[in-house]
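Heads up, there are several structures right after this.
In what follows, chain A forms one complex with chain B and a second complex with chain C.
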Partner chain A sequence: MTNDPREAFVQEVDELLEAMESALLSLEETPEDPELLHTLFRAMHTIKGTAGVFGFDPIVDFTHRVEGVVDGLRSGERALDEPLIAILLSCRDHTLALVQAVLEGEDPSQVSADLLGRGQQLLDRLCPEPVGDLTAPVASAPDGYGAAKVEKLAGREAADDYWIISLGFGPDALRNGMDPLSFLRYLGSLGEIVDIATRTDRLPPLADFDPESCYLSFQIGFQSDADKATIEGVFQFAEDDCEIDILPPRSKIEEYLALLDDLPEAQVQRLGEILVKIGALTEKEVAQALAAQAADQASARPLGEILVGRHDIQRSIVEQALDKQEKSKSRVAQEGRYIRVDALRLGQLITQVGELVINTAAMRVAVQRRDTDDLQEVVERVEALVGDIRDNALQLRMVQIGETFSRFRRVVRDVSKELGKEIDLVVTGGETELDKTVVEKLNDPLTHLVRNAMDHGIETPQERLACGKPAKGTLQLNAYHDSGRILVEIRDDGAGLDPQRIRAKAEARGLVEPERNLTPQETFRLIFEPGLSTKDEASSLSGRGVGMDVVRRNIEALRGSIELDSQPGQGTKVSISLPLTLAIIDGFLVGAGGEQYVIPLAQVAECVEIGREQALTHGDRHHVNLRGEVLPYLRLKEFFGIRSGAARKLRESLVVVRVGHAKVGLIVDELHGELQTVIKPLGRVFENLKGVAGATVLGTGDIALILDVQQLTALLQAHPQPQAVSGRH
Partner chain B sequence: MKDLTTRLASGEPASGDDGASQYLTFRVADERYAIDILDVKEIIEVGRLTRVPMTPDHIRGVINLRGRVVAVVDLGARLGKGVSTLTKRSSIVLVEVASNEVEANGEQQLLGMLVDEVNEILEIAADHLQPAPDFGTEIRTDFIHAMGEVDEGFIILLDVNHVLSVDELARLGEMAAAATERPAEV
Partner chain C sequence: MTIHLEEDGETCRLAIEGEMSIYEAADHKNGLFERLEGCREMVLDLSGVGELDSAGLQLLLMLKREAEAGGKRLQLVNHSQAVYAVLELLKMEQHFGDPMVIPAEWRTP
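Now for the complex of A and B:
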């Protein structure tokens, strides 16, 4: 958990701005979605509030203004259009900049004039001053504020569409200096009194009539945009001598219901609080109702009933508010299940679990030496528990990749506008989970690939139409699990890559000899070589020829691999294959040439014992006949050039491993079985080493290397003469 | 040996008042070398060494140092004197070197250095140090930090960050891997 409140603030701001961005992008599709508008409002409002607590004035000032605008959007006074979304996106970015500036600066209440200036510019664009003539905005914005007013006025005929105010002045009102008329006059300044009925039913027979007492009640139909509290305020001085009921108009009811819908479910509020918040009730009304409830404890009527009975509010609003309250309760119960934890602590826990796994293995080795049954049993139980703990600990760090994917909506939006292209982003498989550390390191390469696809891949609308493709290009991000690994795909339906051009470029750079034959796959792989870019002119986005090799390096640093496939005119697909986790895996331990190696269990298809006669040599390729299936293989000991004193065993074992859709055999001397493998990095000295993914410490204290089957296979395919490798040890 | 370890552990100031520094001396391929004692983290005997395939000769393998996987460099091979043969006196000197030459404040990397025998700690005054000769030494000049004058003779003080340059070791590893990949060209 984070203890530094500033850190918590930054995190909160990050999350809120993230939510704001994604809401804005969704609003491009559905500009009136109240839930999304509310998210905008909440982001600005919450940041303003928290910044206020810290005294970060520049943030407060800025977010306050933006919040005002968003509030206008929420209430329908202003319509959200695309330019406004663009400005709001910039406002979001500016808020982030402010937060950073404030946290880095010495005085949190000051930021640079430059930053303030930029903020002011944004604000000016956000709410341009209405020009002199007040009727102008009405005329120029038919779907905004003006229209709403026109509609309301037109609805004047609909008899029910105004506030119904009942004023029952008490007998002492006149004696106390109240003049009912003056209240009515003042009320008139807030709106229009459409109708007024004077009720005289309290007038006593003439004999009992006291000229100093007030017997009149008024029923007023009132047309106004003011809210309930304001209207109630009119009668503030009369409240002791007057019974006031203010019933909102029908259109207001809908507004209240909509407001109720928008209310965040983050915290459980009391019914009265909810109703006051949306403006359906005033605090005074609630206080009176509560007092009535307290006074009338015997009947135990719920507050809602009392409020409806007192004509303070319509039944439908109360019901909706109660419904909302219920929802908030369940939501809060759900949120209470989450705890925010420092990633460092999680990392520490996982390291410790790793040590626990290693030591459990050491314990097993020690116990096996003693060979006592009762101890064996205990060890087995402990091992099972440690296995569960390991799985749970690793699960803690798993996050869905969807969040990373959705970040690209902004990138795609901005870049496509910049490039003048129309691009649709389709995201699938966002629920696929992988280790948070992997996700973080995936961000840069993904960004690069997405930008590449937009810049080089997808053509301009004109070009696309000319090729008979829809003007709008599609960029797809997809993720899914496949035999213990995660596959992430970036696919576009753009121009595709031209193998000839890549080839020509690679030859020009001396990356490939002209006489060498390359499959299309191998040609595409050249893209990942340093210094190769197919775009002749570098743009601001990509094409500088640095990048794809860095992307590959980044992916390989995660023990992943990257492949590219492309059809000219059809598009390009980049697939990234990644391990599920960087910490602990299930492994399969084998022995070869006196050393021990771990193969990731998820990639082991089967193990068979084979005699030498089964391994056939066809020219320079080595294949083994596995139940009629021809399987390429490599003899690990020889491939690694280990010259061990012992002669080759008569019977060896063949471990069949899955690599993508293919299978490859590894011939080893012994099979030791499954084990939990804590992956330890080999260190920078070995960073260029292919075929080995890391190391692990065995129960005996020995080190076993973890094989990277994918890279081994690539080495095998590139040079199918493993026997010729000379040993130097 | 024991004396060395206790002195290392007790953290005695390595430099005397007169500007003298202490150096750990050891023998590799029948030559004596020394490194600054401040570079030495620990000295251990050679235990189980796990070979790493497809690496050059001077990468002897990896060891398990209390749960950490540490690469061991064969100093003899690194200095161009051929692969060392393990004997009872062989030791591994653990040193910490900068993991990245470019980023000076980068992470430190722990590496093991296989030597034939660890000898003693010598104190050499600063005015007894001489710059490495431009030529005439058997090993690369950038490996030499200075020549220390000891008992009428000279001892080569090694520059650990160059001898065990992680960048260079990694690059050499890459070349070795490439060479292994194309056996026909070996």
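Now for the complex of A and C:
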């Protein structure tokens, strides 16, 4: 659990601003969507509230003003248009900047004048002075707006700090012995009747006047410290013959609002319950309003509306209570479904589960040696359980990639405006899950690739139209699972890459010898070499030639790989292949030259025995004929440079591994079978070791290297006789 | 309840003795409005009013309204303490537009 409240604040702000941004971008399409507008409002409102708790005044001031404007949007006083969305996006950014400034600064109630100035500028743009335009919102003081409503309701100056009590006596009141005057006298004993208006407008013409009927109603300004229930109690006996409305004074409203704020959000309460709890309504009022609601089911008016309509309560209180209810709801819903857990603890758990896996394997080995059936059975059950626990523990860290993808909506929007291009972002496969640690590290490379595609890939609308393409370019982000790995694709329908230009550039930089023959694939791969950029002029976004090699390094650090494919004039596709998790895999244990190696099981296509006659050698290239298919292969023993005295057997075991569409063979000495493996990273010393992804501890206590099949395949396709460590023969 | 009648041309002088409550309201109504019909000015002496309740008050308000509607003058005079207390409670001392003589000891502190 997160313990530092400030950290929780940052996290909350982060999520809210994320939601706000996403809502704003969606509002570009549907500017009147009430849900989205509410999301905006909630973001600003909640940040304001929480910042207030911490005393982060600059944040409170700023978000308060923005909230006011958003509230105006919500109530339809102001329409949302594109310029306003742009300003609100900037406001969102500014809020983030404020939060950062406040947390980094020494005094949380102060931020730099520069930042304040920028905030003021934004606010000025947000609320321009209304120039003879009545539809323009009132620039400031959204509170005044609420107060105006109270004023209208009470028909009095809101500044008067009185209870406003309205009594409308029914015709039979007097006959039933209810004398309004006696109630007023009693009321006077609880406080001071500051003012009273006796309304006679219900008095009928003389002919219809029944002197025993009551036609009087009263409006009373009443000053008292008594609470609402006590005041209502005064009129307890008159209930049947009198319509009673008791509106709390303004100071009470503030008190109620404060009480509302203080209510715990741990449980969802009904609106009536909330209002009774803070004393703004009495149970009787709620019961009556509910009865009215039940009686008038056809119109389906919400309770809040009814209460305000009955003058039981001011609208601002109902709104705040509804807001509170909403907050509790989302809080409870979230709490019900999610628990925030410190990523470190989760990491710890997974490490421990890893150890558990290793020790289970050790136990299995020990039990097998003793060969006792009953123990075997227990071990098998434990192993199955540990397997489940492992899967569940890993699942805990799995997140959908969609959230990462949706961050790019803003990037695409901003950058395409900046570049004067029209670009649509199409996101698919957002529900694909992968390890959170992987997702986090994926952000930078993805950003770079997306920017690259927009900057270099997609052309300006004019150029596109000239090529007969639609003016609007499309950038596609896609993700899907494939044999234990996740594939992320960034595809654009832009100009594509020119292999000849890449080649020319690479030759100029000495990255490739002029006489070498390269397939288009190999040529494109040159993009990822350090110091190669195809854009002749560097723009502010990309094209300084420092990008793609860094991208590749980042991806490879995640045990992933990156491929690029392009058709001139049609577009470019970059595919990133990543492991699902960095911690534990199902492996296939093999032996070679007395050492043991683990091949990720998901990448094992099949195991076959081959005879010597099937293994062909052409020059320095090894191929094996597998059912008519020609596979390149390598001997693990030779690859790792192990010299062993054992003569080559007549028949050898070949493990066929698969990466994407490519298949290669690995010749090993022994096949040991499947096992669960905890990946332990190798130290920096082994940085240059090729074809190895990490190491693991076996049940026997031995160490086995985990093969990086991806890298092996690439090596095998590029070089006829690869070696784990170059220069060692 | 007693209504003393003293008719002097266009002015009708009345005095109410006893209570002005719901029990007397019907009688009062009959007497008062009939009299109002036949005069141009009505002076109502309230010094004998021992109790005034909502029904009585309502009657006075009605009388006032009818008088005004008919372009007649209604004067309430010699308010008793009971009448004064009600008018004070409702802050209607000014409503009827009549001067009131208020002994110091009537005032609620």
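Note that in this section the second predicted complex is superposed on the first by the 515 of 729 C-alpha atoms of A that agree within 3 Å, B and C clash if a C-alpha of one lies under 4 Å from a C-alpha of the other, contacts with A are read in each partner's own complex, and residues count from 1 in each chain.
What we mean here is this: a residue touches a chain if its C-beta (ideal position, glycine included) is under 8 Å from a C-beta of that chain, and two chains touch if they have at least 3 such contacts.
Remember, predicted model here, so these are calculated numbers, not experimental data.
Contacts of A:Leu682 after superposition: chain B is touched, whereas chain C is not reached. By the touch criterion defined above, A:Ala113 reaches neither chain B nor chain C.
Contacts of A:Phe640 after superposition on the shared chain: chain B is touched, whereas chain C is not. Legend: residue contacts after superposition of the two complexes on their common chain; A:Leu715 is shown touching chain B, with no touch to chain C. Looking at the shared chain after the overlay, A:Ala295 reaches neither chain B nor chain C.
In the superposed model, A:Ile339 makes contact with neither chain B nor chain C. Within the superposed three-chain arrangement, the count of touched residues of chain A is higher for B, of the candidates chain B and chain C. In the overlay built on the shared chain, the residue A:Ala695 is in contact with chain B alone; chain C does not reach it. When both complexes are aligned on chain A by C-alpha atoms, no chain A residue touches chain B in the first and chain C in the second. Across the complex, chain A is touched by residues 48, 50-57, 59, 62-64, 67-71, 99-100, 109, 111, 166, 169-171, 173-174, 177, 180-184, 186 of chain B. Touching chain A in their complex are the following residues of chain C: 22, 25-26, 28-29, 33, 53-55, 57-59, 61-62, 65-66, 86, 89-92, 95. Chain A contributes residues 169, 173-175, 179-181, 184-185, 188, 193, 195-196, 198, 200, 203, 206, 209, 211-212, 214-216, 218 to its touches with chain C in the complex. Every residue of chain A that touches chain B in the complex is listed here, in rising order: 355, 358, 595, 639-642, 680-692, 695, 697, 701-705, 715, 718-719, 721, 724-726, 728-729.
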